[in-house]
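I'd like to ask some things about the structure below.
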Amino acid sequence: MQTVFSIGVDALAYGMVLFVISIGLSVTMGLMRVVNLAHGAFAMIGGYIASYAARDLGLAYAVAVMLAVVGTILIAIPVERLLYHRIYGQPELTQVLMTIGITFCVIGIANYVFGPTLKTIPTPDSLREPVSLGFRTVSAHRLFVIACGTAVALGLWYFIERTAFGVKLRASVDNAAMAAALGVKTEVVYAVSFAVAVGLAAFGGVVGAELLPIEPYYALRYMVTFLVVVSVGGAGSIPGALAACLLLGAIDTTGRYLMPEFGEFFFYLAVIAIVWIFPRGLAGRAK
Amino acid sequence: MSAIFDVRNLKRTFGGLAVTNDVSLSMAPGDRVALIGPNGAGKTTFVNLVTGNLLPNSGSVALGGEDVTRLGPTERVRRGLVRSFQVTRLFSEMTPEEHVALAILQREGRTGRMFASHRAMPDVMDEVHALLARLGIAHLARHRVSEIAYGQQRLLELALALALKPRVLLLDEPAAGVPQSDTARIEQAIADLPADLAVLMIEHDMDLVFRFARRVVVLAAGEIIFDGSPDAVTKDARVRQAYLGSYADARSVA
Amino acid sequence: MPAASLEISGLSAGYGPTRVLEDISFAADAGRRLAVLGRNGMGKSTLFATLAGQTKRYGGAIRLGGEAIEGMGSSARALKGLGYVPQSRDVFPTLTVEENLFVGLKGRPRAAIEEAYQMFPRLKERRRNLGSQLSGGEQQMLTTARTILGQPSVLLLDEPLEGLAPVICEELMAAFGTLAAAGEMTILLVEQRIQSALDFADDVIILERGRIAWTGTPAALSADRHTVETLLGVGGLH
Amino acid sequence: DTIKVGVVGPFSGPFALQGKNFKAGIDAYMALNGNTVGDDTIEVIYRDIPTADPAQSKALSQELVVKEGVQYLAGFYFTPDAMAATPLLEQANVPMVVMNAATSAIVTKSPYVVRTSFTTWQTSTPIAKVAFDGGTRKVISVVSDYGPGVDAEAAFKAGFEAAGGEIVEAIRMPLQTNDFSPIMQRIKDSGAEGVFAFLPSGPTTLGFVKAFNENGLKAGGVKFFAPGDLTQESDLPALGEAALGLTTTFHYAVSHDSAENKKFVEAAGKAIGNPAELSFPAVGAYDGMHVIYKMIEATGGAQDAAKAVEAVKGLSWESPRGPVTIDAESRHITQNIYLREVAKADDGTYYNKEVQTFEKQGDPGLAAAK
Amino acid sequence: MALTMNTGTLSTARDRRARLTRDAIGVLVILAVAVLGYLLFPNNLALLTRITAIALLVLSLDLVTGYCGVATLGHAALFGAGAYGAGIAAAHFGITDPIAMLAVGVVAGALAGLVSGAVVLRAHGLPQLVLSIAIIHLAHEAANKASGWTGGSDGLAGIMPDAVFGLWQFDLWGRTAYVFGIVLLIAAFVVLRQIVRSPFGMLCRGIKQDPLRVRAMGASVHGTLIRMYAISGAVAGAGGALNAISTQVVGLDSLSFTLSAEALVMLVLGGTGSLYGALIGTLSFLWFEDVVSAANPFHWLTIVGALLIAVVLFAPKGLYGSLAALIERRGRKGR
């Protein structure tokens, strides 16, 4: 029984890490309809900034996180203006080509500037202490991530479903020309949404760095993981993404506990089973 | 004559709302039926249920005496039940010629062929061009559909349905978006159809409806409220109030 | 916003390399009702799309209430008071009816959505449905209502009656008439049913292969059998 | 004349760090020993294979031989890449010097293969003895599920069971594992006193070691044994505190205390740019170059693979890692294996501190395969 | 009526001639490029053969993605099936005749195509992409586990193909392999040209654009796509077999996500929905990669990334697609 609880805690924590890192991709892919394979690249940029701020400059963790989010957005804005701007509404495969290209470039630059080694983001002592749950201990950092995930999920859901901006965003995505003809400044809407998505990516990259450490190849290494959880959830749906992350996190964790040698099989068979039952993803937005 | 098309007690709800509520309708070969009714009455839904694109909650559909309720849409098409779409659904990157050729080849079970080209099949090409000419779009045969005006796309939509040589033809607003000058072509094309074909047409253009129909069925809020002759329908108070408005007056006078 | 005038001079436009409109010039004074007629594929929709800023413009000027707008983007034109109801019924499929209408508000208070429901009670019944789930006619209602909510000073209607029940058509045309008569909007209308268009309009222009082939009043057009036959391909008007 | 050496390795992609070390080792050797042998100038040509890709390896090797006209093939970080190129050697009359790939069988694929790195068997066997001698009797083995992992598991098992210990469980986990908590739970539940681990160097190592600490295994007294890939120097800054006290066996530590090594570390550190990135593939490459220079000397620059290989059989020299010999029969390197412990230096950095030496270790893997 | 019939027959005859000429030109161009490659890079035939094998994979991907609109990042599963099929036949069953190995590869690829088609076609869009990713990972993992058959991560070695027709031995320079590959590629090209233009191919293009419409014409979407998937598998399998025969080793990379993704990148680079696009995409990507990675083995990835971005910016329909559009536009203006 204790083991079951223990696995449950691990599963929840892992699922939340996945959620925090990939939810930004759900925004770009589901709402802006851009297959943004460079999502991991932005998460990685965030990680590098945080690492530099906290480790090399010795700034506080919270400040480093802020800097990472803001810095990544600042880097992303010209990229959006120059490159992403051109692929909105283009066929998905064209977007794949462009965003893979961006990823390659970011990897190359990171490798050149920071070298190929792992970069850590020192966490404050308070997050490093183990916290006792009675039947076991977990690191405070895991609890912190769970809290972050919950906060992000709620905030983002409100932003998209309940605010005027959210409505305009979804309208622009459905039909940019028509939205513009109704007076929606689609360019601004897109730029802001992109900034939000990239900010989330950076935040996720920093917060999740304990499990997915920052190194140049990060941008590609976890691309598939992000793509899978977002799509299984149903791109663009916050509850869907949350459900997918928790479910896949749980399956992955249990699979690895029960039969580590078949861990991959477990995970991907589960993915096939889920998509088989929900061909549009757990909460696919109607097209 | 026995019914070639027989729908019984069809029912479908969307989240509690009964969009099609216990609708029964049958047609004999040669019937020309107009299905009219207010917007959102459930006409398109009815067509979707009949063709198998939507599943009914209950009720049955029979074609030429055979129960097809359990069959998928493609099976029904192969049995001669063909529809056109209210909003054109065409292959935007293909030409009208290819569209019609594909329909003809499909009708003849030749789409499985891998080592031939439809352009090398004179019989197919002749039929394609004859049909396009009949609808007045032969000059566009090799243009991409995305480049031709909406009204012409509507004509192609009709051509596709005709190319399948149906036994029962369901037309969902075939003239919507077609200019008055070209509605004549549509009317003519429908008039030229084989006499033993049963045609059901949904249309809001009453001039067209009354020139076409020998029987009018009125659907309102998911139920059939009238089924009878074109003359009788203009006199029906419910239909006038719910749907026809002053058109009924104009028509009665005329 | 009170009605504004619309002047167009020397406009030519098209899609990428394909030129569709050539040298179009006309004017609609504030509060006037103008019908744009023409056969299939003659460029009526392209004209409206060009006015709304959605095609490629090669030359010419567009003035809205005296102000040149041809250099502006689509949304800027809308905010200047240009309302556009396209032929293809571009509802936002993943938004609910109410959200669709919300987008059209252009910053007016949310409560104004009720105006749309008054115009089309049917929409109120379906307010929580997604745009993609509406029937054809309901989509048409939604597109029209959405644009009118923004209180445009010039309204472009591309076949607004398509797919609507006869009763609704009557009510709608009457409503447009009232709006124009009250000086609230200048209305440009494309309509396939020529008689309805003529009953409604103050002036008529006819397009032929992307050029203006005829201008005049409805009465003059009704009297001109030859023009009706050659340019509109219809045997006569009743 | 110019003699060309073609080096195949991962110079971009996820293993770029290891490729960088190849280059650093080669550059260091040429900086210290000049780029000429006799009248011949040595030119190194690099070809990139980011991840294991035997077909590409074969194509590139062929290109190097046929088009670039290289007289020596070298490098090879991954076993399949090395294996794929071996069929070329005889026909092309070219020796291959393997600078990393660590599966025992490679040297048997062609008589023209010489290896200057190590095998997983070679580095994993001594740790079994260390574990047993330290009083651990029950060990759980946890390895990544791919060739080297399986080798490591087999080597440890053979050594540990021969000594009289018991492997309570052997877990193979997917290469792509991000969260090791469930594995740690397994280790806990197995009741083992110690864990033997093998993972490819890089991000997973970090996750594994952190999970080991965070899940209370270290605090709970579970012993940790691994070959040195797990604590390679370039990962230590990231591992930091978490790695402190981990014991591993390996053929080379950057901290190795010898004049030869000081010289090497200085030169290689300069070549790589950031000395913290220096790690074991560099020494494999450095010694590989030594072997190639000797071969060129022996053949006088002529292309004669048989003679070249013959010349280095039994060759002994003082490597930065300590005394080494090319075994005449297997053509694999015989070397010292060191037991090391991760320690903190005075300047706050972490390093592998050598605490025990197992001298003149051959490759037990070849014997086991027979 | 009689008039239209006449013009119909006339135009079909003219069409046919035009088509045949165009196909002949296509084959000649491939042949010319192949000969040119042989003459210009006689020392680099291994690379050219590899390009040929990958070109078959990309062609096969084009069949499902470009012509049927099926999004997949798992197409290497079909390629790998062909490679392992041919490799295992040679290494474990002594089937070392290259033609027989090729046949085994084709069949294995077609079977793999059927299986992955059955799974992938369950969903659309992103979920479909995810299914394909799951397939390639499962296949990769299975091959890794079955190391007794596949050699696991060490790769499957010991493949020694006989001489082709007992006449041409596979040599160090890779001449035989190259010629073998080019002949295979041209054969595949000719067959595929027929298929994509046939009624069947037209149906597939229709499905890509609007499956609902196709159903309304009475055609079976699923059945058609499955068939195309099997054909695609056969072509990819041939590519895999060619790879196994020419390199005499099969690695797990031939069943990898990376290879699948690269194939997709090459296809989009060249332009989807056209066989020429697939060929041009493969050739230019691999050639460019080879040149830049030889010039700078350490930072070439950045340059490739920049190339991809540039293509999207300046040739959004892919290299061939954009070229074709340009020519069409020129032609129109001229008219």
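Some points to look at:
All chains are identified by letter, namely A, B, C, D and E, in their written order; residue positions are counted from 1 within each chain.
Note that a contact is a pair of C-beta atoms (placed from the backbone, for glycine too) under 8 Å apart; a residue touches a chain by one contact, two chains touch by 3 or more.
Each chain and its UniProt protein: A, E = Branched-chain amino acid ABC transporter permease; B, C = ABC transporter ATP-binding protein.
Remember, it's a predicted structure, so these values are computed and weren't measured experimentally.
Path length between chain A and chain E in the touching-chain graph (shortest route): 1. The chains in contact with chain B and with chain D alike are E. Taking each chain's centre as the average of its CA atoms, chain D and chain E sit 38 Å apart. Chain geometry summary: the mean Cα position of chain C and that of chain E are 49 Å apart. Chain centres here are Cα means. That of chain B falls 28 Å from that of chain C. Looking at chain D, one finds that residues 12-13, 16, 20, 145, 174 touch two or more other chains.
Within the complex, the chain D residues that touch chain E are 11-13, 16, 19-20, 23, 46-48, 51-56, 58-59, 62-63, 65-67, 79-80, 83-84, 87-88, 91-92, 103, 105, 109, 145-147, 150, 174. Chain A meets chain C in the complex at residues 164, 167-168, 170-171, 173-175, 177-186, 285-287. Note for the complex: chain A touches chain E at residues 29, 35, 83, 86-87, 90, 92-94, 96-98, 100-109, 111-112, 224, 227-228, 230-232, 235, 264-265, 268-269, 271-272, 275-276, 278-281, 284, 287. Chain B contributes residues 51, 53, 72-74, 77-78, 82-83, 85, 89-94, 98, 101-103, 105-107, 110-122, 125-126, 129-130, 133, 160, 164 to its touches with chain E in the complex. Those residues of chain C lying in contact with chain A across their complex are 52-54, 73-75, 78-79, 84, 86, 90, 92-95, 99-100, 102-104, 106, 130-132, 146-147, 150.
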